[in-house]
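Listed next: structures, encoded as structure tokens.
After this come two complexes, each holding subunit A, first together with subunit B and then together with subunit C.
For the complex of A and B:
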């Protein structure tokens, strides 16, 4: 097969087309840019990256806790320290995420074709709340007990309780360490890719991006 | 004014905007290090909450009268769990708002017969080798429903003036049938820790489902009394609180707030939403609000507020200076 024939057959291949699409939508200099519009120097952009950093430590401390098992964080001082690290990483994650959300709201970050990025961000916020909720139910302490007893009524009234039994530790723990973190992490990756693919929105105003 | 279309590249979008050096990876590295230092500092300095869970044994030892009263109420069908409805039983219709009643949609998916599961079955296990208890159970099961009701009423009334001596509950003399024997045996099993195990056993060795034990404890006042002391109950914004001085799920503040305000605190309420169906009403309200937050880019007024409120002028302060405007055109 000649080189020209090979090139033609590659043009039709799914792999070649996929690579072309990725190159067009998210070239490397957009994924890892070394230059940005000068207004990106504002402090508000830090909230996004520190939210990601906090999520990394939430996942790392969570992986250690899940590897060692549920008794570890009650029975050993090292385990309790990692539990504390997980606890405070979660608190920081939510603090930074809320600041990021409010920052993006007042910047109207959804402008100029970025509505889907905003929407996925809100879904991440909701999924994170659910993940943290199952975490509080998985602590195996007094707060877990009463949160479960208290929360079941809302879950049952909403019909969700038939499938999402907050009194079932095994179900809550499984969701907390597996399905929900994977969901949040996947959505965060999608969110970041969308931000990098489109770039940050221009400031509001006549010389910047559209007003709404 | 420029708007980003599907076909517009970043280069086209940023045309005319001054670009500045920016080290994304370095920023992420610094953020990872900074957050790690902060998290380690907070963990090492403040630790984390871990108040030991309450056991049924602790309940039976700490408040025997409440335990026996709750167990008796399970038999008379007057506890929260016995009259709950779906997903545990069909003894109530559950919460609804007009025709909306999600609690009925999926039926009794987690069946719990409180009287049998929390009282009768554990007593049957305990009656092996215990003739008095075996006789009491036979008397109970052989009695008519009317007779059981009379015994239950008399015993429940007497429990209001019960005394505790050496961990045992004593009531004034009366016609209670086999109930004192049954309840004192159940109390003994619970105080020894046996009931904690029995409510977990479903014929399998490994257990991770605490539905029965938590429902039983939720029927009593001991658990909620401790929760009240720890500011965890619903009327205390409990869902967003933690034990001790630790932050809880503060991000649930809006959800928790609705439980503290009208119409969800009112018996009469508004448009059919009231204290009686507050859980359903608040779930619906929060679902609508969450959807609205996601759809902000499409909702007039909500999407316009950022333009009207000049916070963006603080965020992009440099851009709105004359120098910044000039830079954006170069």
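For the complex of A and C:
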């Protein structure tokens, strides 16, 4: 096969073109950098990674809880421990996610082509609230019943009570352990890849633009 | 743990002490993150 023919056949190959696109948009030195700009040396940049660490513990403890079931997490000491681990890692996840949000808001993290990264962060926040809400409904205790009965009125008033039925444990539990965690985890991965593709936003310069 | 929380009341502000404590803790943590020195290793560009 001549070189000309080989080049033409490569151009028509979707795997070749996809590989070239990934190499161009997300080179490995962006994906796994071993050096960071000087301005990244601040504790404010640590909030995002602590949020990810908390999410890992949320997922790990959640997988154990889903394997063992409500009887276990209410009646055994180990079940109580994993129930608490799940609950407190969620508290830390939200606490550090909001601190990360404050940090990015004050440094205007959406600058220089990072608007989509910011917006995906907003969607992750909303999806996380929905995940936490269905989690509170899945506890299988008096608190979850109280929350479900009161939330039903709000859902009915919003017109989605029949579609999103908070009194239906199976529906809430299914959403909580399957659809919503997959959504949050997938969007977090996309968020991180987008941050890595463009790098961390530069500090705001003395004249209002990005520092050079 | 099951007892109802006490509330902080100031004008139109009505918030439980546990929630107020979390918000104060977050503001303090954010302030510390801004001013606390960060260890600079050799893995950063100057």
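Methods note: the second predicted complex is superposed on the first by the 196 of 212 C-alpha atoms of A that agree within 3 Å, B and C clash if a C-alpha of one lies under 4 Å from a C-alpha of the other, contacts with A are read in each partner's own complex, and residues count from 1 in each chain.
We take it that contacts are C-beta pairs under 8 Å (C-beta built on N, C-alpha and C of every residue); 3 or more make two chains touch, one makes a residue touch a chain.
Please read all numbers here as calculations on a predicted model, not as lab measurements.
Student: Under the stated touch criterion, which partner chain does A:46 make contact with: subunit B (first), subunit C (second), both, or neither?
Tutor: both
Student: In the overlaid three-chain picture, which partner chain does A:72 touch, first (subunit B) or second (subunit C), both, or neither?
Tutor: The answer is neither, since A:72 touches no partner chain.
Student: Determine, for the superposed model, which of the two partners subunit B and subunit C contacts more residues of subunit A.
Tutor: Touching more residues of subunit A than the other partner does is B.
Student: After the superposition on A, what does A:98 contact: first (subunit B), second (subunit C), both or neither?
Tutor: Touch status of A:98: both partners.
Student: Per the contact definition in the header, classify A:38: touching subunit B only (first), subunit C only (second), both, or neither.
Tutor: both
Student: Identify the partner contact of A:84: answer first if only subunit B is touched, second if only subunit C is, both if each is, neither if none is.
Tutor: first
Student: Let me check the overlay on chain A: which residues of subunit A are in contact with subunit B and also with subunit C?
Tutor: Shared contact residues on subunit A: 34-38, 40-42, 44, 46, 98, 103.
Student: Which positions of subunit B touch subunit A when the two form their complex?
Tutor: Listed in rising order, the residues are 1-6, 10, 13-14, 17-25, 27-28, 31-32, 34-36, 38-40, 42-44, 46-54, 84, 86-87, 94-95, 102-103, 105-107, 109-110, 208-211, 214-215, 217-218, 223-224, 226-227, 230, 232-234, 238-239, 242-243, 246-252, 277, 279-280, 282-284, 290, 293-298, 303-304, 306-307, 309, 311-312, 315-320, 324-325, 327-329.
Student: Can you name the residues of subunit A that touch subunit C in the complex?
Tutor: 34-38, 40-44, 46-47, 95, 98-99, 102-103
Student: Going by the contact rule set out above, which residues of subunit C touch subunit A in the complex?
Tutor: Contact set of subunit C toward subunit A: 22, 25-26, 29-30, 32-34, 36, 38, 40, 43-46.
Student: Which residues of subunit A touch subunit B once you look at their complex with the stated criterion?
Tutor: Of all residues in subunit A, those touching subunit B are 30, 32-42, 44, 46, 49-50, 52-54, 56-57, 61, 73-74, 80-81, 83-89, 91-92, 94, 98, 103, 105-108, 110-115, 118-119, 122-123, 125-126, 129, 132-133, 136, 139-151, 153-154, 156-163, 165, 167-171, 173, 198-199, 202-212.
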